[in-house]
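Should a chain be cited, it is by its letter among A, B, C and D, assigned in written order, with residues numbered from 1 in that chain.
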Amino acid sequence: MVVIMKERASEPQIQAVIAQLMDMGYDVHRSTGANRIVLGAVGGGHGDPQIVEVQDGVQEVHRISVPYKLASRTFRPENTVIAIDDVRIGGDEVIVMAGPCSAESEEQVEASAAAVKRAGAKVLRGGAFKPRSSPYSFQGLGEPGLRMLRAAADRHGLKLITEVMEISQIELVAKYAHVLQVGARNMQNYSLLRELGKARAPVMIKRGISATIEEWLMSAEYVLAGGNTQVMLCERGIRTFETYTRNTFDISAIPVVQQLSHLPVIADPSHGTGRRDKVAPMARAAVAAGADGLIIEVHCDPDHAKSDGAQSMFPAQFERLMAELRIIAPAIGRSLCVEPVARRGWNR
Amino acid sequence: MVVIMKERASEPQIQAVIAQLMDMGYDVHRSTGANRIVLGAVGGGHGDPQIVEVQDGVQEVHRISVPYKLASRTFRPENTVIAIDDVRIGGDEVIVMAGPCSAESEEQVEASAAAVKRAGAKVLRGGAFKPRSSPYSFQGLGEPGLRMLRAAADRHGLKLITEVMEISQIELVAKYAHVLQVGARNMQNYSLLRELGKARAPVMIKRGISATIEEWLMSAEYVLAGGNTQVMLCERGIRTFETYTRNTFDISAIPVVQQLSHLPVIADPSHGTGRRDKVAPMARAAVAAGADGLIIEVHCDPDHAKSDGAQSMFPAQFERLMAELRIIAPAIGRSLCVEPVARRGWNR
Amino acid sequence: MVVIMKERASEPQIQAVIAQLMDMGYDVHRSTGANRIVLGAVGGGHGDPQIVEVQDGVQEVHRISVPYKLASRTFRPENTVIAIDDVRIGGDEVIVMAGPCSAESEEQVEASAAAVKRAGAKVLRGGAFKPRSSPYSFQGLGEPGLRMLRAAADRHGLKLITEVMEISQIELVAKYAHVLQVGARNMQNYSLLRELGKARAPVMIKRGISATIEEWLMSAEYVLAGGNTQVMLCERGIRTFETYTRNTFDISAIPVVQQLSHLPVIADPSHGTGRRDKVAPMARAAVAAGADGLIIEVHCDPDHAKSDGAQSMFPAQFERLMAELRIIAPAIGRSLCVEPVARRGWNR
Amino acid sequence: MVVIMKERASEPQIQAVIAQLMDMGYDVHRSTGANRIVLGAVGGGHGDPQIVEVQDGVQEVHRISVPYKLASRTFRPENTVIAIDDVRIGGDEVIVMAGPCSAESEEQVEASAAAVKRAGAKVLRGGAFKPRSSPYSFQGLGEPGLRMLRAAADRHGLKLITEVMEISQIELVAKYAHVLQVGARNMQNYSLLRELGKARAPVMIKRGISATIEEWLMSAEYVLAGGNTQVMLCERGIRTFETYTRNTFDISAIPVVQQLSHLPVIADPSHGTGRRDKVAPMARAAVAAGADGLIIEVHCDPDHAKSDGAQSMFPAQFERLMAELRIIAPAIGRSLCVEPVARRGWNR
């Protein structure tokens, strides 16, 4: 760590900090500037920079290493590509995952899956266990929902991603889903992350609404440290003072994470904005910024959805968006599902 | 709900919204103002205001009821007082909980417990299962830590509060602790909250670093709805743009929650500021603002603490703080542990 | 306004609020729901909703009209297009403004102007009066800087945009610039905005780093209310908890403002991110989201710039970006400077 | 500055950064740690750390000096006390400034001044030029308002503080007011701050709603650098995601600023909360945290105030608050106006 002393730090204060750093196992370099002393703590030491920061005479302390290792580009310079059969996430193709917020019925799952497949999605999304902020709201269909989702995915040649909310659900959800999703509210549920490190399925970790990029990468580190190397990240909006949109969709996080880490980054413009009419512009923006994939809520009848209806697209809106994305992707040297199935007449 | 139409909303748009509201089961009142139409949806309807908000011609939609029921002052006008033997949280006395971040050893737990008791604390705090943002950090001693904490609490006539991180730990932790703490990162771990609703021990729910006051009360609602009426809330700082302090300690949340809810509100100035030298002024401020209690990290040797050392007070600092608090509490008609044990010479 | 009473509001409390609303000149509609009373205040009244909100028995108050009039789409449904000779801002073409943060010397201004023209920019940006957070930093060249900027713009067939910091500078700056820029820190300098309402030149108002979209539109309203209809808005990043980027570039504000207002929206990815390597992805994202234009810092020698060097692009980076943008714009039915001047070999 | 290189930075990258630092005039110390290189740039160099940060191979750059000089405790270790005749701001006594948001009429000013004097205030607050977010709102009475305020202050033996919004008003306002206030929205109006550096009256700088503590101190630096040493700071709430209160009153900023700077810190709980019923707890909290003074909106008839009525206290509320503050101040070794004038019966 690097310790910057206050301008008027006394020699005994400086000596006390040096002693503390050496006690932590560091070698200490002392640099004397015009106005102040800087101490560089190097070598194999180990200690909490914040404890040094509250010592007398200390102005600031900075770590010199990042706290994540396995998630960093230094550890693995090339991109991680997660392959689920022929669907490759993190490669040249921008992968689109789409579907309803929750499984509600056989018909709704089937109609939604058919619609997203037709438009070019490769992965079906949909929840069976829903984390709801009210104990009185619809909480998901549970295992029957998982079964419906997987059956529809299989019928349409789609892969399935769905959320796992707690340790006891992992085994069950992994029987049905190709990718296990960790929700934003569970991003720092370390017990859950540790168990997912032992799973064999790919894991997608959504960014907590107030998580820094570093904290998000640390959550990935938990899973990676457990031995599961198939981790992808998902930006879904952060909480700011602006309330017009439900969250502020932090598109700049996409290139930032891609520089710091080798893991694929997916963007979720549905939760990122919370309003159906803002999903298309933000989906286009995310692809233009370099996202490796998108996850979008599409419902066959959004106005009667049991959850997230306001941010779910109509199938026809989703089709138009996919056509726009096919123009944008090549601008950054990527492709997007070049051959959609022949369309029939979907109308809003 | 109240639906405010746009100034130029057409009659067909208005009719479509009325139809949708009636379809949701509402009676609709139409008010015609100078420039725009307002629709009041009353009666026994049920539907998602956000779905109405994205309809054509709609400007804004406002709920007319709050989403929490059991946590509200409307449900229970008088204050909830949580009694653990003779320690009454939410009554006239301001209750102070103090102790180390984590149990580290028999000696450290004993020395810290003795110190906080001597200064006038009524409850011992300390963790045995620690949620750490790095998988490589100290994760707590587990059950042996719980045993040390309870033994020290009993020796000194203190009650014990400690964190429970996952469902599978509830039974174990409840064997040792008088109060089960839900950490800020688990505030929206609804599976955990639902199980705690079945527990018989009091539960303290820390506010998530980006949780609104309403979301925080909804987390309490989960526990209350499960049948556990002994819930208290803990303000511990929110995440803002300001980085000098680790968090921004939102003292105004204390009177706001006390107005909206009957549940006791505890303040945690240690996590609220992250710096030992700012704990005392913020503890004083919280009591002056009306907090029902404080939870403060005190360690017998903070500079060698395994976690949170920078924000842990020295015993002598804590004693001085308690003396200041005894002066402040009467300004708002409260008391604070009037008869501390005779002091011996603690020095920093 | 709509007044939602508390569930247990008493009849005298309700009557007191009704009397207050009538005293403010409103007609009052009373709706009785299952659990609570809602009062609709309509007609030609006038009063502060916040005063009603603090009355006994009141739960919430909502305005039913937006506070800006001239800036709203209701007032003017069609897009405002600002024409400066043949440069049309707010039309089909995405207009790019580019150039150095500050004018530093004849050579630097000329080299930068030549570079941005060659890549396809239509407007030269550059400052002569700089608002610097330190009184000890370079504050700009003043009028000689303005003269250099205008001469270079004229030589290359570019228009000029530059910042005006105070009322006494308006006349001078308007002699040289085609567009007057109001900086983010002056967004709520109402005295300045009022004077700019009397100017004849177009005005670009940057969003304050913590301004809500409504506050930003209110600043435009100040200029419009003064009689100057040529106003454009510029998103340049908001302050959030995330510190990796200098600001969080709020791309979702672009479609939101375009829905609420008829004014053109420009995006500034240079200030929006603060890092040269993040400007290109965010510029692409802004165009994909529908921005009417971009304003980008480009410097002939960024590593020696007197201000904002870290976020200034090299000319070669800017050329590559313009090529990418030409692919993206058609995806949303727009164009971008189809015929750039023949390129010569710029290298970084 | 301290430059931390990336773990895999190449030797040519390191050499390029060293050359750049030397080019900026620094001496460079190179420290080789286990995994990465740290470069310490010391001596009389001068350059923008952000330019170094975007070079290839650089991970992070940290300044080693704070950007403010005259405002820092290093420059002046003892507290600044601002004396206006016998009113000493920054000394042992907590000074209370109170009065209406705006001067509205002779009667309103007189009644409000009498009320705040009776309760123990030492300074009258009140505005004549109001920065309003809407061009259609009441903008203040101008010079007649100043005249009323000063006359009432003189009649009651109070000092006067009022806001100055632009350079052209300074001379006029200084004729009437003892203290010139810079509003939160003008905190970074550097032209205004520079002129106030030439004024002879004390200046109070309110913190911008999204200003960091460092930016706030830099605004003080502008005034101090101009030669005016009588500067005080005023915390008035910051903008966060929480919307229940109008702002989040950042009480922790009080002890933080007192540690970094020698300037007095005043707290404004009226703007800090925006709701009359939260002003008293936050005023108590600010004094308990160590504020040197308070500035509070009190109006003789808040429900009919032309501005800020919802956050203005009734005279009787203010009297009760002053009584509570007299108990709290001694807890931290301070006093608060020990001999209020004999009270007569104020009722709400």
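One rule holds for everything that comes next: a contact is a pair of C-beta atoms (placed from the backbone, for glycine too) under 8 Å apart; a residue touches a chain by one contact, two chains touch by 3 or more.
None of the values given here were measured: they were computed from a predicted structure.
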Point to revise | Starting at chain B, fewest touch steps before arriving at chain D | key: 1
Revision key, fill the gap. More contacting C-beta pairs: B-C or A-C? The answer is A-C
Practice item. Quick one: report the Å distance separating chain B from chain C, using the average Cα coordinate of each chain. Key: 39
**Study point:** Centre-of-Cα separation between chain C and chain A, whole angstrom
**Key:** 30
Check your understanding: Residue numbers in chain A touching 2 or more other chains?
Key -> 210, 239-241, 243, 277
**Study point:** chain B contact footprint on chain A (complex, rising order)
**Key:** 20, 48, 50-51, 53-54, 67, 131-136, 165-168, 185-186, 188-192, 194, 208-210, 215, 218, 221-222, 225-226, 239, 274-277, 302-303, 305, 307, 309-311
Point to revise | chain A partner contacts - residues on chain C that touch it in the complex | key: 210, 212-214, 238, 240-245, 248-256, 259, 272-273, 277-278, 281-282, 284-290, 324-325, 327-328, 330-332
Point to revise | chain A residues within the chain D interface of the complex | key: 2, 4, 6-8, 29, 31-36, 38, 40, 42-44, 59-60, 62, 64-66, 74, 77, 210, 239-241, 243
